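Everything on this sheet refers to the single structure shown next.
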Amino acid sequence: MTGSSLFVLGGARSGKSRYAQARAEMLGGRHHFVATAEAFDDEMHERIARHQADRDARWQTVEAPRDLPAVLDALNAPDAVVLVDCLTLWLSNLLLADADPGLAEGELCRAIKQFSGQIILVSNEVGLGIVPANALARRFGDAAGRLNQAVAATAAEVVLLTAGLPLTLKPRAIGP
Amino acid sequence: MTGSSLFVLGGARSGKSRYAQARAEMLGGRHHFVATAEAFDDEMHERIARHQADRDARWQTVEAPRDLPAVLDALNAPDAVVLVDCLTLWLSNLLLADADPGLAEGELCRAIKQFSGQIILVSNEVGLGIVPANALARRFGDAAGRLNQAVAATAAEVVLLTAGLPLTLKPRAIGP
Amino acid sequence: MTGSSLFVLGGARSGKSRYAQARAEMLGGRHHFVATAEAFDDEMHERIARHQADRDARWQTVEAPRDLPAVLDALNAPDAVVLVDCLTLWLSNLLLADADPGLAEGELCRAIKQFSGQIILVSNEVGLGIVPANALARRFGDAAGRLNQAVAATAAEVVLLTAGLPLTLKPRAIGP
């Protein structure tokens, strides 16, 4: 059995997390939720708690605010169903820690390719608004766009969510 | 005769209003334009006047800056063709008036489901840029995204406009 | 031989420039890169240099920060393959120079229609985020949206890039 990968892109409040979870729950196996969020304030605590309450008991939660590729390597198994939510927060944590986003991106894509189970990754599309005036937000937007391109090139299937509705950007190949 | 509903999503200056109007004018019946805008300043006055000048005499204009579900109930008739432009301004008016967006969203979806004529609703997609730094804009973006998801789930057909070109997110079902 | 036109829309870091260049390099003819960027600061110098390094020796670079329609007229030839990157910077330069964007847009569309070679134009989609608080950014967003609509209506084929993946908004007609 070989692994498969799905990349779910979408804007803020696009329904991408719910769609990704529903896709994951259609798959048989051991379900792992990989959370990249770090709770710095009350708003974030509330968001994390709301998301955890949405998942049923079949899910094991693992936190990976920065060492995501190593966590994926540790979970690598043919019967694993892994949902990573989301790459944008992971990137944001890396930039705050002054890590090299290009290096992290390469490591993440390697881990996705080597994954022998089913992996679903969620990320924010952030490049379709007015370019922000401040340089830090621009640098974040550039890094997020590059990361999304790299993961989209690696994943077997890519879907864009808008208002809860999926649009296929890269269809899963059907093969022998 | 049963009602039908079309939800037209798009960014700023995406051509969504013009597309929605053209779709409405392909339908026979009594045409009602439901305007949700409130003119607070000269820029908004100018936008509203420009939009009104774009519509011909077949259209009756009704204003509904806050009580949109009640206005739709009052217009409910099998021969009605109703164009609501736009939900984002309606939501913005509700938030400024400290109304509960979740309650309003439920009322709106109920009114859409009960509508016996043809209804077309326009809304802005605002979630695909960099997440704004200020909490009020984030709260607005979250509410707008939730509203768009609820209306998209309710409508029979959903279309996304980009640079004046429509992309079908949810195709109208063909049935007996 | 009649001309053809492709319009490549996408967000920041969506892979639109790379896609447009790859499409251009699939075409035979004399390749002209029309750069609309003006380097005001180090960040912009770096971006321009990075883009030039990505192109091989077949490309002739022409700069057209403001007089784009005239440059296209001068390059007009049946064997020309012209890549314009990008319209958003051109518009930004025009607005900074207090030029009339509506007039410039009309001139650009006329030049595209009269072009007898192959022309590919790149532009940013900027209307899908939260509407900015400041009036200048709103005015820029409005002008960018109108320009994108006009060029999309003129071009024979329109593609939207997201995370490096193309989505066809307007398919090229197949004809006799």
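Order as written gives the chain letters A, B and C; numbering starts at 1 within each chain.
The rule is simple: contacts are C-beta pairs under 8 Å (C-beta built on N, C-alpha and C of every residue); 3 or more make two chains touch, one makes a residue touch a chain.
Everything numeric here is computed off the predicted structure, so don't read it as measured data.
When the CA atoms of chain B are superposed on chain C, the rotation angle comes to 120 degrees (nearest 5).
Chain A and chain B touch with mostly distinct residues; of the residue numbers seen at this interface, under half occur in both copies.
Averaging C-alpha coordinates per chain places the centre of chain A 31 Å away from that of chain B.
Listed for chain B are residues 11, 125-130, 141, 167, each touching two or more other chains. For chain A in complex with chain B, the touching residues are 10-15, 43, 124-130, 132, 137, 140-141, 162-165, 167.
For chain C in complex with chain B, the touching residues are 7, 9, 11, 125-131, 133, 135, 141-142, 144-146, 148-149, 151-153, 158, 160, 167, 169-170.
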